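In the two complexes that follow, chain A is the common piece, with chain B as its partner first and chain C second.
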Partner chain A sequence: MNRASAQAQIHGWLLLLPAAALLALFTHYPALATLWHSFYSSPKGGRPALWVGLDNYRGMVEDPVFWQVLGNNLWFAAGTIPVSIALALLMAVWVNGKIAGRGFLRLAYFTPTVLPMIAVANIWLFFYTPTYGLLEQFTVDLLGLPSHNWLGTKSTVLACLIVVTIWKEAGFFMIFYLAALQAIPPSLGEAAAIEGAGRWYYFRRVTFPLLMPTTLFVLVNAVINSFRLVDHIVVMTRGGPDNASSLLLYYIYDVGFKFWDSAYASTLTMVLLAILGTTALLQFGFLERRIHYR
Partner chain B sequence: MSAISLRDVTKLWGNARAVDSVSFEAAAGRFLVLLGPSGCGKSTTLRLIAGLEQLSSGRICIGDADVTGLPPARRRVSMVFQSYALFPHLSVAENIVFGLRVRDVAPRERGERLAKVAALLGLTELLERKPSQLSGGQQQRVALGRAIIAQTPVCLMDEPLSNLDAQLRQEMRREIRALQQKLGITMIYVTHDQTEAMTMADQVVLLRDGHVEQDGTPDELYGRPATVFAARFIGTPPMNVLAGVPGAGEGRLLGVRPEDVRLGVEGLPGTVESVEYLGADSIVSCRVGGQPFNVRVARHASAAPGEAVRLSWNTDAVHLFDAQTGKRMERATALAQKVA
Partner chain C sequence: MIDTSLKRLAALAAAALVALPAWAQEISFYYPVAVGGPITKIIDGLAADFEKENPGIKVKPIYSGTYQESIVKALTAHKSGEPPVVSVLLSTDMFTLIDEDAIAPWDTVATGADDQQWIKSFYPAFMQNSQTGGKTWGIPFQRSTVVLYWNKEAFKEAGLDPNRAPASWKEMVDYAQKLTKRDASGKVSQWGVQVPSSGFPYWLFQGFTTQNNVQLMNTSGDTTFYDNPAVIEALQFWVDLSGKHKVMPPGIIEWGTTPKDFFERKIAMMWTTTGNLTNVKANAKFDFGVAMLPAGKRRGTPTGGGNFYLFKKSTPQQQAAALKFVKWVTTPKRAAEWGIATGYVAVRPDAWDTPEMKKYVEGFPAAAVARDQLQYAVAELSTHDNQRVTKALNDGLQAALTGGKSPEAAMKESQREAERLLRSYRRK
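Here is the complex of A and B:
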């Protein structure tokens, strides 16, 4: 290697260094440290952490709350991801068309994303309030249905959170779809129109396949989001009633910072990382091969 | 039969008249070129024929049918776009048969037609490729294939060669013309390139600011330009149009093509400004009474910049135009006026 190219190498590494250092410090090292901690017991005053091997994992498998929370989270993911993506796509196609007040509509759909999570959660908390909340004003006063404690009942609380999340995410994903839609040249639509393709046919054969890179990106984000939601839960339910609305990350928070069982929290975190890692691999591995990138 | 006719077709964008009561007709099997500078309304006119834009007033007929209000798909036209508009995620084969699939043509017939078109355009080896893996000329052929597999009597082309290099453009010009004649399609072809118009067209409709400046054969447009604009738009270098020279007369402009001018010892005095050598001929740029004037000379021109020359031409090479309206004046009427 001659001097010039050695210098170029050094330059390159120096440019990468700040980002790499931050990543290592706040992402890679904590992940490895967490893995390490999950093989130890929690240190308590005067009692240092002891090597316990897989004991924490054994405890986790026997923990009914863990299974309940994991189940909740899967339902939550299944409820939010497809609906919010479908809704985002639908809204994007709609506001991409030539309609009056298009700019206003785009803004309106994006508003949930701009609002702070805590504020959003409080607004929805009011919507769900029994007897005088917005929802009850409709179901009880207008339809004459019996009053119902939406967030206080095990059977409805998770569905309520799912609705809030969809409302919050669909607008955000819409922006990505909208950008992708606008990158599709209008002449493709015109060529299809001359060939006699209807709107649905064109969407199915041209628009949707061309949006696949965006769909993958949005899907990865949606999966990650569905496993890292905490703020809504903190404000609206605190995981209750009876853990019916507790999701994995919220349970980790509970275990780690309320029960101070840091070893078990580390163990649960490893499960979360494994889930996210596997889905990301599956998504990129499977879908990528079938996606056309322009 | 299956002529296209436009009658008083007008398209307004707000208050601007993009297409201003344009009328013309193309007989079946003809190659009609819509020619004009950018912004003259030629592409809009084509899109009106295709049904991609709605006209503000007027009528468009294709064959015996009035298609003015019909959607694009029911006009029985195919179209090649300037950008080709190929579907980037579909293979060449799927791009070509896209319309056949829409219309539910049976797989067997689809395959046969695809094979025929692919062979015709030399695409047989490329059918499995994606458009991004093709060269510009090959993409152009795919777009052509998608247009001709539909077997519509009318094909519309919007500056299809503008994205190709000069060499390829010449090749494709010949190829498109041959294809059109072989298949007997009525072609409406939009271009701003007068060479394309001259070499390919049976009929040229020259547009300017949304209206028809002249409608005729390439020969008529070159030999008897209807206006000063037509005279100067067609031909490189353009026709010399001079005011206030002997032979023109009051209120008239005199036009003479560079190749009709002789450099010699008699005639109009001028000064040579520059000489461009093109191989087969040279263009001598002169100034005559402050006005630019080009002369085409065979092979090398002997003139040098700064040299004083005299320019002459035969009287039958002269075109006369009204200085006010820019309209052509026949020599007979011009002479009659002179006598009167």
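Here is the complex of A and C:
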């Protein structure tokens, strides 16, 4: 290696250093420390932390609440990810067309993203209120259906939270799709029109494949969000009734900051990290190969 | 030349350090409220008044959000070595704070001649959640109880005496049946009674259990009695209100929207905290009444709310200053002013004898209901590993109220979980 290239190497590393140091300090070190803590008991008052090996993991496997919140979280992900992405794409295609009031429509779709989750959760709380809430005014007063306690019943509470999340997220994803749509050269559409391709055929064979990089990005974000968004649970249900709406991260908060069982919270965090790490690997390793980048 | 001027500068700095005013005695004070709003102003005013009267001490209020956020902040600060000197936190977190070795009993600093008298000056009902093992760990400050609010107009419509609240369980069910408005198709436009069950159902449940003459835990906080037959019976009564008598909406009832349900006339009676008094007074567009909870075998309610705690890691001087501040803030006159301004129950009997309080109660008799109910009040559920043991009960209650489990099966399961958690605390 000659001198100039060594210098370039050093230069490159120096440029990376600030970001790498911050990442190591605030992401990698905490992740490793969490792994380490998950092998110890929680220190309490005078009692220091003791090495307990895999005890915390054994306790987790035997914890019915853990399995319940994990199941809830998978349903939550299955409910929010496909619908919010499909909806985002649909909205983006629509507001990308030449229609009257387009700017206003785009703004309207994007508004839920701008509002703080805590505030909108408080509003949705009243939407779902039995008898006089917005939803009940529609289902009971207009359709004549019997009144239902939407957030207070185990079978419907999770679906209610899924709807709030989709409403909140779709507009955000729409922005990415909109940007991607506008980057597609109009000449492709013109060429397709000359060839006699229909709109659906054009969307399926040209637009959608060209949007795949965006879809991957949105998908990664949607997966992360489905494990990360818990603000509305704090406001609307606090995990109830009987843990029916508790998600993994909310349970971690409960265990860590209400029960002060930091060791068990670390154990649960490792599960969350493992889930997110695996999905990220799958997404990048598997899907990326099938994506066409221009 | 430079050398001497540097020396002079150093000397000046040293002099400034020595000359720091004697009021370097600063006590940081975590208070559970978000920054801004009327309560913040009252607290700031109290701190300023105290500093004026005690020039040696500086009180620094730190607004720390909800109760839950406050204990998270206080305990995290404790673990990092710089906790507040005093903090208002939930009275039920006493065992948690003791187990974390975060707080010191007030008796360690309150050694003066009149100090024992001062500790005895509070309502005994409030001290139940403030003392354990013969020591006083909390000083009552903003405390509440559960009361029943009723809509007098709805009572009149249903042919009931608008000035009389139900006094017993049976009466409450009878009244509620008359107050529930149901059309031919079975659609309900007004429910008779509502007891919220979201978030912290155990607190309202303690109303039912106390009235059924049974305790949920022992005073040392290491044993619970969730599966006692009388507890199961109390839960059965709660479940029956919507299941059998059909006078309460089914499912889990949201705590936060319950006052709104009352204002919207969707419910004729509600159980909620005395802390909602000011809210109801401002927002109910009809004549309303406030009463003690109805009696089962006896009357009863849990207490609730926040106590002053003294943090262990502060210096003896800071602790002495904190004692001075807390004593100052809980004098009868100030306890009365605080109660009037916020709607919390003034924490000592002699506060109710002050002219200000007498005048207030005369104009608004509902304010005195909470005080009169205190003689029947018991300690709010509080144990070691408190929030987890409480959650075991909450989950069981919600499972029974949503029909997932029978009251008996639900309470047996809650008790089993509580036993598992508390076993280690009984080995001493």
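The rule we apply is simple: the second predicted complex is superposed on the first by the 279 of 294 C-alpha atoms of A that agree within 3 Å, B and C clash if a C-alpha of one lies under 4 Å from a C-alpha of the other, contacts with A are read in each partner's own complex, and residues count from 1 in each chain.
Rule of thumb we're sticking to: a residue touches a chain if its C-beta (ideal position, glycine included) is under 8 Å from a C-beta of that chain, and two chains touch if they have at least 3 such contacts.
Note that the coordinates shown come from a computational prediction; the quantities given were computed from them, not determined experimentally.
*Asks:* Please determine, from the superposition on chain A, whether chain B and chain C clash or fit.
*Replies:* fit
*Asks:* Is A:Lys154 contacted by the first partner chain B, the second partner chain C, both or neither?
*Replies:* second
*Asks:* Looking at A:Gly240 after the superposition, I want to know if it touches chain B, chain C, both of them or none. Which is it: first, second, both, neither?
*Replies:* A:Gly240 sits against chain C, while chain B stays out of touch.
*Asks:* Just to be sure I read the superposition right, which of the two partners does A:Trp260 touch: chain B = first, chain C = second, or both, or neither?
*Replies:* second
*Asks:* With both complexes superposed on chain A, which partner does A:Ser187 reach: first (chain B), second (chain C), both or neither?
*Replies:* Touch status of A:Ser187: first partner only.
*Asks:* Is A:Arg204 in contact with chain B, with chain C, with both, or with neither (first, second, both, neither)?
*Replies:* neither
*Asks:* A:Arg102 contacts which: chain B (first), chain C (second), both, neither?
*Replies:* neither
*Asks:* See if chain A has more residues touched by chain B or by chain C, and give me that chain.
*Replies:* Tallying touched residues of chain A, the top partner is C.
*Asks:* On the A-aligned overlay, A:Arg58 touches which partner chain: chain B = first, chain C = second, or both, or neither?
*Replies:* neither
*Asks:* Looking at A:His11 after the superposition, I want to know if it touches chain B, chain C, both of them or none. Which is it: first, second, both, neither?
*Replies:* Neither: A:His11 stays clear of chain B and chain C.
*Asks:* Tell me, in angstrom, the smallest C-alpha to C-alpha distance between chain B and chain C in the overlaid model?
*Replies:* 52
*Asks:* Going by the contact rule at the top, pick out the chain C residues touching chain A in the complex.
*Replies:* My answer: residues 68, 72, 75, 96, 98-102, 186-189, 197-199, 249-254, 256-257, 260-261, 264, 266, 385, 387-388, 391, 394-396, 398-399, 401-402, 404.
*Asks:* For the complex, give me every residue of chain A touching chain B.
*Replies:* On the chain A side, the touching residues are 185, 187-188, 190-197, 201, 205-206, 209-210, 292, 294.
*Asks:* For chain A, which residues count as touching chain C in their complex?
*Replies:* Touching chain C from chain A are residues 44-46, 125-126, 129-132, 140, 146-147, 149, 151-154, 237-238, 240-243, 254, 257-261.
*Asks:* Spell out the residues on chain B that touch chain A in their complex, using ranges where they run on.
*Replies:* 50-52, 71-74, 77-79, 81-83, 85, 87-90, 98-99, 102-103, 130, 132, 146, 150
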